[in-house]
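You will see two complexes here that share subunit A, one where it goes with subunit B and one where it goes with subunit C.
Let's turn to the complex of A and B:
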């Protein structure tokens, strides 16, 4: 009988996915660090494409990365102003709810196979996921669709006309991207013959990667992801040249960071979902390295989606809705047909 | 009488077919990537460490030559923004300036009959309080330098370049 030290026990409990995934990696702490790096990368990429320098004065050797820390400190110590006509409780609570609900889908998305540490095998049903459910695709999509409710709620609580216009836009877009996300994700579910994300990746390891089997579905998912997390060219909700910053107009200081972080973290979570469904998640690795690899793929998607800021302008709300319903919806139906063909081909 | 056809405005196609649109989107992203990986393609200056040599006629901050000034008040009269005022000091009138109002139009320099006012090449000034924006006679009589980095600053000159648009060439730091 091998004795286990107390340190091993502690590390075991830290590495349990119930704690490790939502809090440390890729949850709160990693997301927050990633948030800073992503915003820095967004500014730097946009600067590079537009032939500028970007943030550079602070720490020129690492490309001005510490500028974001300085910005963060500035925001943290700036005054939080609560408007007199706002609904105070929801005004304060809204950004925190927004951030936490945008992190929420991580609890059902498996990011790797179970991790081996010392004598332990850490994981649920062989997957490194906080809560193992065999309908995890539906659960993840459903949890990701809680954030628009929070956005609309914060906008209502701030009692600002720009915020209300922003919330209205969010409402319009929500209906659109929900349909596209669900249709593109379910067209992959048709190929796999199930709605279990862990099964998806196992299926991809024995067949082909999702993006190779159904590129149309991947494209629709990517566009719906950009729509849903208000990245360019669909930064319609937070259109800062039209409606200040949409639902978050009245926010300042720390609460503003939370609202801004919410939308970036939503992109990150959708990117993880994208990497699991279409890019094979942790393949070809498994265990701890696999988890890193899943997030690595997600970061590439995230960086691509922030890179689009430097390429595109912003679509108007009617253009985005028309494009989504007239073209993307059709493409989603075509991708479903393609998936049926694949299913028939794989079964036969 | 001109034909109606001559006045026809050429309209751009609103909705090309989706495939062409898709190809155009891909092309746009490709162009973005090309600029992203293009080495050394910056047209802005690394500002505090690189400084552009301005042309001779640059309308920067003003300065007064107190000994030349005859106190004719023309500069204060022509000033469209009411930035310049006359004050009496030791029995003689001198102009003083409030940079909070100045629009750098240079009318005062043009109208001065004895060339007692000139434009300096300094334009990058920042003040921490509104009182600092007001320059009295003694302050107005000196070249404004501000808080500049010394030693590290590279002075460059803008040159038009057929390929890049703008190119910067280093110049000797002693010249101005």
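Let's turn to the complex of A and C:
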């Protein structure tokens, strides 16, 4: 009989996915650190392309990494101005709701198989996921679609004209990228024959990676992801030279950080979803290393999506919508057909 | 659904504050969007866009935010003291701003300019044109969200600003052109630096084509946006690259050659389309033409004085010995400040980076001009901008703005 120490017990409870995933990894704390590193990396990559150094004044030895901490501190201590004509409750609640809802899909996305610690096997139904549901693909997409509502609500509460224009753009785009995300994700579900993400990764380990089976679907998902999280070339909602910063025009200080973080975290969550659906998630590892590997793949996708800033400008809203409905929608249908062929091929 | 403007109701009571205002004007569906003057995409100007949905129904420009009353100041300064003042409205295009004024003064004084000085004027002007066009293209890039074009434009402008610094001693406010000639001579090191800068930019132009001009995103944003037809362009009085992008081959350098342009081989790029993309291409090709001209000037520049003999004789011999013979620099003594041109008036035209720049100088025989009138090219863009923005989307306002290369301080003076 092996004795379990109190420390093991505590670690067990910390490592429970119900707490660990949303709060520590890859949830709030990790994604906040990642947010800083991503913005730093975005600035550094763009600087490399654009013949500059990027942030370098603070901590030049590590390439100005602490610049973002300094910026964060500056924002934290700056005054939060609430406009007299804003709807105060929603104005203050909005950014927090935006950030928390953009993290929300993590509770149903499995990031690894269950983790072995000491004598414990930590996980739900063999997956390292806070809530195991066998329709986790639908649940994750549905939860990710809460954020546009928060954006529109926030914009309305600030009572600014640029914010309202930005919110309208978000509303138009929301309808578009939701359809594309669902169609590309479902075309993968057709190959697998189910909507369970955990099962889908296991399916990929015994067959091929999702991106190899259906690259069209992966492309559509990536474009829809860029549309949905307002990254270049679809940085339409926050277009600074047109509508200042769209729905978040009136925000300052800490609330501004929350709104800005919300959009980056949304990209990160979509990247995790992309890595699980198309890149095999934790494969070829499992357990704790698997969870790290899922997030590692997601970070690559995240860095790719922020890198596009240095290649593209931004499309106009009507061009983005036209492209999405005329080209991307068609590609999504083709990817579905491709998936049916795969399904037929696999079953036969 | 109250639609009144915020300014009309400065005092609001608590009751009213509880209601959130919706921006739609009652019964019209038209809203007013106040872009600027403190806005990332407005420059130093206020744009009032009347929008219906995403469509701009009317765009009203409100220039004057950076008005510095240069014309009025000109009536209170000596002729020589005006040289640094007239270049202030467009500091990124200061050689042209200077040259136009000096050419008008020279006409009044009936001064001949030596051949070498004419070549040097053209040299400085073309270097300045390149740096100004790269600046404008960079601004256009960031207006449509293309940050790489912005950074490249500003970075590649640097060697040309450096040439001007080596030549004139200042990066942007050069005050290089003086009555009767130029202030400094072209040295061998400046020549070598200029050759290096030109060969660098010639290589770099290909990168510009790859990432900006042939970028599908940029083409989608600029093609068929802000189209000005040939007739409309003439009617609206467009000037410079914007006019040439609408299919009118009009360039003061060809039509009324000044400086050394008569002896230089260059073409003026003309496009028929008249859209924002054509305007961008015209600028890009003008940069290449300017580079050719710089190389030609370096090759063909004649030897000789850089200042008119009449002026040169009035400088004390010690100064000539110390500055001109040793360092090839003109340093005027203080009494030149009270230079008195004869009575009369003169008009001068130069092709500045943004188009035709007209100076009208009236002299009453004193050391202070009676009137200096400057018609700047950006000022000619206000009406066209208002006209062509109609019917476009909000997102097109910065694209049109950037493609016109409007420079607010130049228009406001």
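Keep this in mind: the second predicted complex is superposed on the first by the 348 of 348 C-alpha atoms of A that agree within 3 Å, B and C clash if a C-alpha of one lies under 4 Å from a C-alpha of the other, contacts with A are read in each partner's own complex, and residues count from 1 in each chain.
We take it that contacts are C-beta pairs under 8 Å (C-beta built on N, C-alpha and C of every residue); 3 or more make two chains touch, one makes a residue touch a chain.
Since we're looking at a predicted model, the values are computed, not measured.
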item	value
Clash-or-fit label for the pair subunit B, subunit C on subunit A	clash
Touched partner set for A:52, first subunit B, second subunit C, both or neither	both
Partner chain in contact with A:340 - subunit B first, subunit C second, else both or neither	neither
Of subunit C and subunit B, partner touching more subunit A residues	C
Touched partner set for A:296, first subunit B, second subunit C, both or neither	neither
Which superposed partner A:307 touches (first subunit B, second subunit C, both, neither)	first
Partner chain in contact with A:135 - subunit B first, subunit C second, else both or neither	neither
First (subunit B), second (subunit C), both or neither touched by A:327	first
Overlap of the subunit B and subunit C footprints on subunit A, listed as residue numbers	49-52, 310-312
Subunit C - residues contacting subunit A, complex	6, 12, 17, 20-21, 23, 31-34, 39-41, 51, 54, 141-152, 155, 211, 215, 217-218, 220-221, 393-398
Parts of subunit A lying in touch with subunit B, wherever the complex brings them together	45, 48-53, 56-57, 307-308, 310-312, 327
Contacting residues of subunit B [partner subunit A, same complex]	18, 28-29, 31-32, 35-36, 41-44, 46, 48
Parts of subunit A lying in touch with subunit C, wherever the complex brings them together	46, 49-52, 84-87, 156-157, 159, 161-162, 164-165, 168, 232-233, 235-236, 239-244, 309-319
